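Shared between the two complexes below is subunit A, which pairs with subunit B and subunit C, respectively.
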Partner chain A sequence: MKVVCDRASLLEAINLVSGVVATRTPRPQLTCVKLTAAKEGKGGTLTLTATDAEISLRLRVDNVDVEQPGETLIPADKLRQIISAEDNEPTLTLEASGDTVDIRGEDAHFKVYGHPPEEFPAVAEFKAAVSGSGGNPPAKAVFKHPAKSLSEVIARTIFATARENTRYAINGVLLSRDGKKLEMVATDGRRLALCRATLTEKDGPSVKCIIPTKALTLLQRLLGSAQGDVDIAITDNQIFFNISQGESGADESAVLASNLVEGAFPPYEDVIPKDNDKMVHVDRDVLFSAVRRAALLTNEESRGVRLSFTGQDNRLDLSSRAPEMGEANIQVDLTDYKGEDVSIGFNPGFITDALKVISDPDVIIELKKENKPGLIRSGDDFVYVVMPVTLQ
Partner chain B sequence: MDAFFTSVEQLDNLQLRGKPVFVGGTGPRGVVAAASYEARKFGCHSAMPSAVAKRLCPQAIFVRGRFDRYRELSDRVFAIFDDFTPLVQPLSIDEAFLDVTGSQPLLGPAVEIAERIRARILAETGLTASVGVAPNKFLAKLASDMDKPDGLTIITPDRVQEILDPLPIGRMWGIGPAAEKRLHKLGLRTFAQLREIDPIALRSSLGSWGERASRLARGEDDRPVVCDREAKSVGHETTFHADLNDADDVRAVLLQLTEDTARRLRRKGRSARSVTCKIRFGDYETITRSHTLDAPTNTTSGLWEAARTIFDTWAALSFRPVRLIGVSTSGLLDHADPQLPLFGDPDAARQTAIDTASDAINARFGKGAVRRARTLKDRPT
Partner chain C sequence: MQQAVPQPSSDAPGPPPPGDRRIRRLRTLLVNQIAAGEVVERPASVVKELLENALDAGATRVRIEIESGGIELVRVTDDGVGMGKDDLPLAVAPHATSKIETATDLDRIATFGFRGEALASIASVSRMSIRSRTASEPGGWQLDIEGDVVGAVRPASGAVGTSVAARNLFFNTPARRKFLRTVGTERTRCIDVVRACAMSHAAVAFEALVDGKSVLDVPPGQSPRDRALAILGKELESEMIEVRADRYDDARGLSLWGLVGKPSTARATARAQHLFINGRAIKDRTVQHAVGEAFRGLIEPGRYPTAVVMLELSPEGVDVNVHPQKTEVRFRDQSMVHSVVLRAVREALAREDLTPSLGGRLDGSGRGQRPGSATEILPGGVGGGVAGGADVGTRGFVDFFKRAIPERAQHRLSYDAVREAIERVERAGTEPAEQGAAQTGTPRAEVPDAGRGFESSAEAQRADAGAAALPAPVPAHRVLQVHNSYLVTQDEHGVVIVDQHALHERVMFEILYARVSEGVLESQQLLTPAVVEATPERIERLGELAALLAKIGIVAEPMGPRTVGVRSFATLLFERGVDPVEFMQELLDKADRERFVPDSEEALREVLDMMACKAAVKAGDRMSDDELRALLELRGEVERSSNCPHGRPTSVRLTISELERLFGRS
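Coming up: the complex of A and B.
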């Protein structure tokens, strides 16, 4: 294999695939990235593939000068460091012979020892996943959705996932597709975020699966500036995302595949309150600022901010108190508070987390009482449930 | 406290009184945790390999440590301190600094307070304690070691130099064998020699540390007594007689340590936010892995789930024979988690009931009277 490649494009690609590469593994091959050079029409491509055995990413760099097609397996970390450090070079030449790779710039020559490429695990292609191959049945569901909307739905849910809960199912985001409805739900057992979007295709099988948070974080990075649609294929135990550059859906310029999280997602529909009788509209930025300021006087021991709604004054008072530190009081004028007075404590971070992902300035808060879940809504597509904290 | 662990054993068992006694393991890797004064006459001391101690004093009796009992007596001794001053800084299970500056107008001079504390410890626990009374922590610690066992030593400001000067440099706070060697190389063997050196010269040859050493040599120490009574972590660890090369065996021990840790947390009425496992190998390489819980807990099942996940994640990828396994909990809270859960855990009430019942049984019939079957030697698979 021998290619001459634009350094900036290569750096962008290696930075993205490095997010997949396994760090703690007894299989050194999984710490590597596989490079595959191919001639295509007039130009050539270099495809970078990485996997940690759970998630795999295949990323294609176009407009590469392929002098000799082929493939090689090289430690991702070293490759990334070299590409990043050679910042005076417009292009780099990568040449593989045997299990070593020579990387050359104007004034530099690196020889890096790799592994035989055939020792790298097979990573399924998107088309193969859709149609089924190697004994795997065809995908259960295949649909597409605009990259921008998908990215937004992920951003509005992923923050609420559990980080390393022993109930594995909530260390991921539940995706469900039912007719035209696409829904994602995430929870850490104390708050829950749900976001909906409408699909362009209305026909297709209903499907539910749990996607690991890490896969969605990577997907977010890939979606970054992507235009057009993302193709999604779901099999019994994996999900595939195909992100095309430009319009053509069949173009596999970036394919992310992930194992699905096994286990049952908690019965989230049951915990979305339906009888919260106190309701108010607030301005997103006003509430965000008030909560953040009130949170200044909380600490590890007393993490709660008290929200007191009074109907007579149409006012929200936010207060906090930290032992041996002090107290804070913030006043917010309301316009339309409906219901009896209520005072309820929340982890301020849980409130600001949600406000950060709401784009609409109009936010609706619905409450019942101090030990019942609070609800935050924005438009018709975002629902956030948050359990209170008990305050002394 | 004087030879605390062995004194407790001699207190509880008449047969041991007046005899050389060790608390510690007797296996090939056993270490002496405490040696009674009778055994110390033979040159035995704590932290010595048990095999060496046995050779020095073959007639000594080895006793397995009963740490729950030591802790119980330690709690009683610390409760006595509380009657004399709120400023108590525990150094270990059987050692503490007390700042009685503010107590003197009410309770009398420091020496009198010291005598009263010693008398109450003896009356209420049957154990003896050695006390040092001095103007600062460094001198108090030194004084408490000067007349053991059952002693009271007072270092008044005018006697400081007289007492310090002839002491070997190794007695200084923070000077271990390595630092001692470095000082010996510089020709410094006693406090007096160190005191006579220009502190600035000492600083240039020993770093900022030299300045501190020079102050200590003059008996100056301005560190306050910090009463941080709340433990930062609670945990247990154990070293195996021979490296364990079966992951299931290690896991069974880890479970038992987790049960013990959870029980101690519950007794203190505290919950933990994080669980850390410590694994040491035959070559002494040690790794630690932590897990932060979504909600603080003190149930055995909740802590075990975290410890087991840590262990299994490590073992699945990189198991190798284990010399030591330990578990500790940190991020301790005095109260239940104020954050309410979104999904009620139907199992939580049952787990709490199991813990309450087994704690009561173990308190009455002895630790391990009831325990998880997996911790047994011939455990079901």
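Coming up: the complex of A and C.
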């Protein structure tokens, strides 16, 4: 294998791929990235593949000149460090012979010992996943969705996932596709975020799966610059995302595959309250600022901020109190609160988390009473349930 | 009980003919022997009764001789008032006493003996000889009793006072004799009794000879502190903390003085605990428990702190007529006694910096003096420790190499002192006149002294010394995290090594405890209950636990025959990533234990211990510089941060002088 690469493109690719390289593993092969050079027409491509056995990422770099096709397996962190350090070089030459790779710049020559490429685990391709291969049945569901919208749905839910919870299911985000409806849901047991989008596809089979947070975080990075649609294929135990750089549907310039999280996601429809009878519109930025300021006088043991809505004054008072620290009181004028007075405590972080991902300035808060779940809505797409805290 | 020498007695019929089952009065000897079974269990009881008689007789010097563990001989000689010729036979008659007359006297017993059965009981199971002389008589008298054969009172020589010898204990009741332990054990018990008695009577001289060898010889007129240390061992001097309580409004006539040992002196048995009420050595679970509670978190469970606790309360406040040996008492207001003891010991401990030192130096230079190390490293050293410094250093040097096991040394930097220093610096800011004084060590007399009534001047000096050592709030030193588990930093005494988990746990505990004392912990509701599996028995106990759970921010209720649903969980635990299911499971395990009383202070502390442990950073957790600093700053802010709630130390210190010794510079 011998390729001449644009250093900047290669650096971008290796940085993305490094996100899935296993760090602590008894198998040194998993700390490696597989480089595959192929001639295509006039130019060629270099594909970087990495996996940590749960998630795998295949990334294609087009700005390369393939002198000799082939493949090699070399430690990802060394490759990344070298590419990153050679910052005076516009191009780098990678040449593999046997298990070693020579990386050459204008004034530098690195020889890096790698492993035989066959020792790298097989990473399924998108097409193969769709049609089924190697004894695997074809995907249960295949659909596509605009990258921008998918990214938004992920951003509006992923923040609410649990971390290292023993209920593994809630460490991931639930994806549910039912006809033209796409829903993603995340919860950590204390709040729940649900975001909807409408698929452009015709009807298809309904499917539900839980995607690990880490995979979605990586996907977000890949979606950052992506235009067009993302192809999604869901098999029994994996999900595949094919992100195209151009218009073309399945050119596999970046394919992310992830194992699904097993387990039952909490019955989220049941926890979304239907009978919250006190409703008020607030401006997103005004509320965000008020909550953030009230949160200044909270601490680990006294996390709650009290939100008191008074109908007569059409006002919202936010107050907090941390023993041995102090108290805060913030007033917000409301425009349309006509309901009974209600006072409820919330973890301010849970509210600001949601406000951060809401783009519409108009935010709706729905409440029932002090010890009942609160609801935050934005448009028809975003529903956020947050459980109250019992204040002292 | 077997009767060795059956002899008819005037007020009781003879032995019943076989088969005769009529009810009859017991003969006197038998009555006394039965009574003796309660009063005189073993030689130590003889020692105790005789000592108490001696003290009741106003002795200023008491001499105790014990042979063969007291089985062969117990002789107690005093210089008290003595008895006249006519009193001697009465002394050994049952229920004859000079100490009470009517039942109302029982309500205010101020003497040790009062039941009037001690001498008679001992006499009934030994060969007793009493020799006594009053000051008004030119000569003394002697009376010998063997079983119930009372000899004639005959003249004898001797000094003013009384000497009672009991020989061949249980010679006529072989069954009882069989129950005696080895001579060694009985001897130890006898010595314990003497030591306890001597401890509570600092004004009286005690001399104890065991098989001819002196085991105790203390002069009269000692202070309680000197006496206690003389008996506990001088080497403990720097390890003991003085406890006093005579200032509590709710103490209602109860005052307390005592010495408690630093956590390092805790022992596996309660033998090193000496409890006294009105000078009477007692065993009392209330007091013992209160002392143990005060040490909770400072010593490992199952160990007992070394402690001398002397309570004084009006005779009406305590019933000592509960047990023939008078080792158990009943308080009129048990919870008041408990809380006074607990508070006094806790406060005394809180005033101390209990950080153990790595090195093998004992301060030893007397209470209240600052350790030499601190004096050496502080420019312009102040306070009373200067003179002792060099001496201590030298001795420490020798000790350091003599001892293989590091001894925990005392370091005096109390929270009080720090706070006082800060306050003084703040004051100094507004009162320039005081500034100079603050820097050079304000003499105690110039400092307003409200609310510190009982503290000795030595302590006061110490506080001042600490104050002067800290001209400003402790500057943030560089902190090094070692192996993501230990923090290394410095303070004014030297290098401090902190166990990050233990310290954080300690800090958490104190914060939680303070919160819970004010109200309940903040609680976060869950979207869906966290499901915990539990046995039906445990589910049944949930009701009892509800109040405790509510206090710590948990709402849990039965969900099914074998499951409990946690509906609400403490915010703090969530913040710290504690899993409700695991926590609840563990809590139920804890609550299952027999000794767990859900509404007790102990249970609350136990549960908070658990919370603190779960919520604290773990060994191996990487901490940012800010976190490290924040944690160390909290170290000073919580009481006794030097031990985690489980009793392990949170930090150890290597003082400058120890470092100097290690590097051969001193």
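The rule is simple: the second predicted complex is superposed on the first by the 391 of 392 C-alpha atoms of A that agree within 3 Å, B and C clash if a C-alpha of one lies under 4 Å from a C-alpha of the other, contacts with A are read in each partner's own complex, and residues count from 1 in each chain.
By our rule, a residue touches a chain if its C-beta (ideal position, glycine included) is under 8 Å from a C-beta of that chain, and two chains touch if they have at least 3 such contacts.
Here the structure is a predicted model, which means the values were calculated and not measured.
Q: Evaluate whether subunit B and subunit C can sit on subunit A together after superposition, giving fit or clash.
A: On the superposed model, which is not a single observed complex, subunit B and subunit C clash.
Q: Check whether A:Pro323 is in contact with subunit B, with subunit C, with both or with neither, and answer first, second, both or neither.
A: second
Q: Does the superposition put A:Thr25 against subunit B (first), subunit C (second), both, or neither?
A: Touch status of A:Thr25: first partner only.
Q: For A:Pro266 in the superposed arrangement: first (subunit B), second (subunit C), both or neither?
A: Touch partners of A:Pro266: subunit B and subunit C.
Q: Which holds for A:Glu118: it touches subunit B only (first), subunit C only (second), both, or neither?
A: After superposition on chain A, A:Glu118 lies in contact with neither partner.
Q: Which of the two partners, first being subunit B and second being subunit C, lies in contact with A:Thr390: first, second, both, or neither?
A: Both partners, subunit B and subunit C.
Q: Subunit B clashes with which stretch of subunit C: 61-69, 331-339 or 367-375?
A: With chain A aligned, subunit C clashes with subunit B through residues 367-375.
Q: Quick check on the output: what are the common subunit A residues between the subunit B footprint and the subunit C footprint?
A: On subunit A, the residues that contact subunit B in one structure and subunit C in the other are 163-166, 187, 189-192, 266-267, 271, 301-304, 345, 347, 371, 373, 385, 387-391.
Q: Can you list the residues on subunit B that touch subunit A in the complex?
A: 291-292, 294-295, 305-306, 309, 317-318, 333, 338-343
Q: Which part of subunit A faces subunit C closely enough to touch in the complex?
A: Of all residues in subunit A, those touching subunit C are 163-166, 187, 189-192, 266-267, 270-271, 300-304, 323, 345, 347, 371, 373, 385, 387-392.
Q: Contact residues on subunit A for subunit B in the complex?
A: Touching subunit B from subunit A are residues 24-26, 162-166, 187-192, 266-267, 271, 301-304, 345, 347, 371, 373, 385, 387-391.
Q: Can you tell me which positions in subunit C touch subunit A when the two form their complex?
A: 511-512, 514-515, 518-528, 530, 553, 568, 571-572, 574-577, 579-582
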